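Each of the two complexes below includes chain A, the first together with chain B, the second together with chain C.
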Partner chain A sequence: MIVKPTIDDAKLILSYTGKVVIGVSLLLLVPMATAAAAAEWDALVYFTLSLGLSLSSGFLLSIAGVTDRRPTWMHGMVTGAFSWIVVMAIAALPYWFSGNYLSYLDAMFDIMSGFTTTGLVLIQDLDHVAVSLNMWRHLLTFVGGQGMIVLALTFLVKDSGGGYKLYVGEGKDERLFPSVFHTAKAIWKISLIYLAVGTLALWGAGLAIGLPLAPAFLHALWIYMAAWSTGGFAPMSQNLLYYHSGLYETITVVFFILGSFNFALHHAVWSGDRKEVYRNIETVSFATTMSALTLVTAWGLMKLHVYPDFMALVRKAFYQLASAHTTTGFMSVYPRQLAIEWGDLALGAMILAMLIGGSACSTAGGFKGLRMGMLWKAIVQETRKMLKPSSAVFSQRFHYHGERSLTEAQVRSAALIVLMYMAIFLFATMAGTAAGYPFLDAAFESASVTGNVGFSIGVTQAGMPSFLKVVYIFNMWAGRLEFMAVLAFFAFVGSFFRRKTA
Partner chain B sequence: MSPATRARAMRARGTLWGMVAETFYVFALSSFCVALAALVYVLAG
Partner chain C sequence: MKRPWIALLLILAGALASLPAIAETASVGTKDLIEKPRDFDGKTIVFLGEAIGDAMRRGDHAWVNLLDANAAMGIWLPAADSDAIKDWGSYQAKGDVVRIRGVFHRACPEHGGDMDIHAESLEIIARGKASAHPVNQVRLVLMPLSLALASALFLAWKRREKSGKAATEAWNHWEGRRERR
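Up next is the complex of A and B:
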């Protein structure tokens, strides 16, 4: 049990949460400008109203939390978890005002799905929503990929010591520079440079398939944002299937795989260490599991003769699998096609891919290639130990921005996080079966929310039970923050309200 | 060319080649996966 927190601890957490809320509120200026440019006056009114309400909430929290205390690890962790909950409730305002949601819970579900870069949606009539609302949806998922706290650190929190604790609280722990402020800036630089390149490429592809100039640009911008952040949102309800374009699919594959890379890897490669991309334990782990799961998926599909044509097999199988493994969630098949046609073997491979996910400190979810690589190395080490004399000394090494020795602490930490991922995956699977869905459908959707993927087999709909929506929101949140901040949050709340005991 | 401009140009060149190296990794991995799918197609087809 932790030491009972004081009012000053709570104030400090409220203060930093207020700063994060203000940072996210200021993003509303983008959809407001879009609404004005597209002459969507109703949307402009509800975005302005939302800005007023969210800014006031942010300032109130900041003022209520004024204190001289310096943040500790506990404050950083609890703020990381708490600010995601508060921002979910506040950022859902424009969704709710738009009239495209059946309940406020549905609006909050879509916000959590966007911020965690999951990509599942409960929105109604997506094909006809306002341009500004689509801008808000995709902007949220883009920012969510880099991290809301990274956003707040860049503009609002200059305090380096406290800033790093907040940064770790959001599930990121790589420092690209000694200063966390410069690290946050470098993350934005990488994302914005790729934003320009990716949007241009997709704009060209949009024009090539016959989209008019302005819609081609907007679709390119939104699809890029969703690809890079491994979010999987799309402006049309058919998702990537809407475009029926091999070119669009090829470009998005490149950017969502790049988006699933560790920001530290991008930084190292851009700084001249180009060999790192082929030697890093995360890219090696990703290439290994991706290749193995391609074999299994292709085998499963061929067994059932789902795609008798080779090009169709490659295009559908590779795209869905890469999208699942990078936790993007872009789909070029219909959800029910997965359930009815794909068969257990291919779906099993997809579930595994979604749970493994992309790289640590990236926009991707899942339990990450770094941990897969470490656990594999630990298994190899244990096997060697069994086969060699007891006096032999072992040291397992791995390449991760230089050669490193594998330590017991690293293995224990990786195993605990994988264990917790599996626990909440099973919990959401049981919740799905309790709601009456078949086991495989419930497991597939559960892997999708737990790994922040966004693939749907048809379970996630506005009509699903409310308790299942809450379970999915919890899994998206806990999976994105990688548990430590979530556990710290519950321990803090429990200790805050417990009675003083001797 | 001033040292600052030269440093900026070097950083830009590093970024460009870095992006090329990363994209090449994606294409190499994708091609390998397509080759594996082709193998399965031939063996199971």
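Up next is the complex of A and C:
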């Protein structure tokens, strides 16, 4: 039985949520500076107004939650889930003020899509959006990739004892250093160094493909942010198709694959352990499923004669599949082309890739390569058990920052998470079919929201039913936080309002 | 009585004979191009849209993207033709409305399988113009008020935190004394 939470528990959660809101609110200074530099005065006004309102909300939550209690696992988990909901509602203010959304629900959908690095959009007239608004969109997805709580831990939360619990509540559990603050700082350091390298590379590519100097820089910064965070947002409605460039596509592939790798792997490589790349169960799992699914996709496209030659086929198949598998969502085809031309086999491979996703403790979504690797090892172990004498003893090992034995508890935990992903995937698929979309289209879009991918087959539009938008928001949120925090949140709310029993 | 029928048939035949020419001059939208790409693949079409973003020069050719009511389409055209476009669609402006005539490719073999149009001719239908984004006066008034509210709440939070800490310290001190007794 769950112990009934007290007012102090709620206050503690409000206090940390307030700090996360304050942290995200301060990010508004970046689009404000952009609006001032681009002489977008109306945008400067609504960004400043949003700053005032969101900071006020953050301070109010902090005032309501003043307490000297230290967070437990329950507080960390509930704060993780609750702060994402609160921030979604507050960070949507500039979107709503911009006039580019048909409803506040649409604005919140895009915020959740950005923070969870999904990349689906309901924005209207994207090609005429303010520079500062584009900065806000891409900044949100960049911060979402590292994690809002990682941001708050870096700058605002001083309690070292409770910090790790908040960090885990956001769906991350790798400790690059014994201290969670140093871990959070290391995550930012890795991301910011890649930000500089990636932006410079894409800026150079932008100039080479004919973009003028200033737009080349802005496109480079935004596309890098969306690639590294595996978000998939782009400043133009055609997404990557706008650039008509193999060079631009190649650079984005490098950065979104890097972004989909575990921060612990980056840290290991930077610390000199380069062999970890080849031995790590996640990279091995990613390379295996990526190769197999690329072949299936290419075969499906070849059968239908979708592309005129081998090079075009490889370029389109590999790019969309890599983008799906890393849960990025960059597209170099029109969404409806997938539905009309790609055929069931290629779409099936894409759905599977989107569900598997990238690495644990990365910016990517999906089941994660670690869990796929563990489940595969468990299947191999069970098969060997069946074939050998009953007295034989087996121990299955895997490499994950050192040699480890596969335990039953790890397999059970991995299977449970995969099962929950499948459950919400089926739930959103049913919701899509109930809304009148064909089954394959509904399943494709559902895999995309559940795995935080951002690929669309044309279902996600401002005109889709509101209940489907809410279902998709739920799936993006639950998928990003990997369920535990979400389950803890519902259990907390349920038991908080439960009547006292004798 | 037969003459009117013969005249009508002749008119209909004439209209049918002129249909291909009509299909060539009537513009096709992105909705049709994306939903029924094989119907137009390799055919010369007329496409109408607003120039958005920037021209991207690649040697003696350039890419421009034209936006219609549904989506934007990439147009591959001689670089000199792209110079005719003066205003590009962005937040600050509505771009020139351009009509091009060219060959549509469902999956262009020259451009890595992209869906595009290789333009043969370009015509500016309407010049673009600056977009006005007046500052909302209500928000302008609310802006300093919201910042003042945030500042007041910040001070209140800090005071509350201080008094909370003082109360906790007093409680811990009292608890410590009780334990020592």
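Going forward, the second predicted complex is superposed on the first by the 501 of 502 C-alpha atoms of A that agree within 3 Å, B and C clash if a C-alpha of one lies under 4 Å from a C-alpha of the other, contacts with A are read in each partner's own complex, and residues count from 1 in each chain.
Simple rule for what comes next: a contact is a pair of C-beta atoms (placed from the backbone, for glycine too) under 8 Å apart; a residue touches a chain by one contact, two chains touch by 3 or more.
Quick caveat: nothing in here was measured; it's all calculated off a predicted structure.
Colleague: Does the superposition put A:L55 against chain B (first), chain C (second), both, or neither?
Modeller: Once the two structures are laid over each other on A, A:L55 reaches chain C alone.
Colleague: Quick one: is A:W41 in contact with chain B, with chain C, with both, or with neither? Answer first, second, both or neither.
Modeller: A:W41: touches chain C, not chain B.
Colleague: With both structures superposed, pick whichever of chain B and chain C touches the larger number of chain A residues.
Modeller: Looking at chain A, the partner in contact with more of its residues is C.
Colleague: Identify the partner contact of A:I209: answer first if only chain B is touched, second if only chain C is, both if each is, neither if none is.
Modeller: second
Colleague: Contact-wise, after the overlay, does A:G402 reach chain B, chain C, both or neither (first, second, both, neither)?
Modeller: A:G402: touches no partner chain.
Colleague: Let me test your reading of the model: by the given contact rule, A:P389 touches which partner, first (chain B), second (chain C), both or neither?
Modeller: neither
Colleague: So, A:G463: does it touch chain B (first), chain C (second), both, or neither?
Modeller: neither
Colleague: Considering only the contact definition stated at the top, list the common interface residues of chain A for chain B and chain C.
Modeller: Residues 313 of chain A touch both chain B and chain C.
Colleague: What does chain C use to touch chain A in their complex?
Modeller: 34-35, 37, 52-58, 62-63, 65, 67, 71-72, 74, 76, 89-91, 94, 107-109, 111-116, 131, 133-136, 139-140, 142-143, 145-150, 153-154, 156-157, 160-161, 164-165, 168
Colleague: Could you pull out which chain B residues touch chain A in their complex?
Modeller: Contacts found on chain B: 14-15, 17-19, 21-23, 25-27, 29-30, 32-34, 36-38, 40-41, 44-45.
Colleague: Show which residues of chain A lie in contact with chain B when the two form their complex.
Modeller: By the definition above, chain A touches chain B via 193-194, 197, 253-254, 257-258, 261, 266, 269-272, 274, 277-278, 283, 286-287, 290-291, 294-295, 298-299, 302-303, 310, 313-314, 317-318, 321-322.
Colleague: Which of the residues in chain A come into contact with chain C in the complex?
Modeller: Going through chain A, the ones touching chain C are 40-43, 45-46, 48-49, 51-53, 55-56, 59-60, 62-63, 66-68, 97, 127-131, 209-212, 215, 236-238, 241-246, 306-309, 311-313, 315-316, 332-334, 336-337, 340-341.
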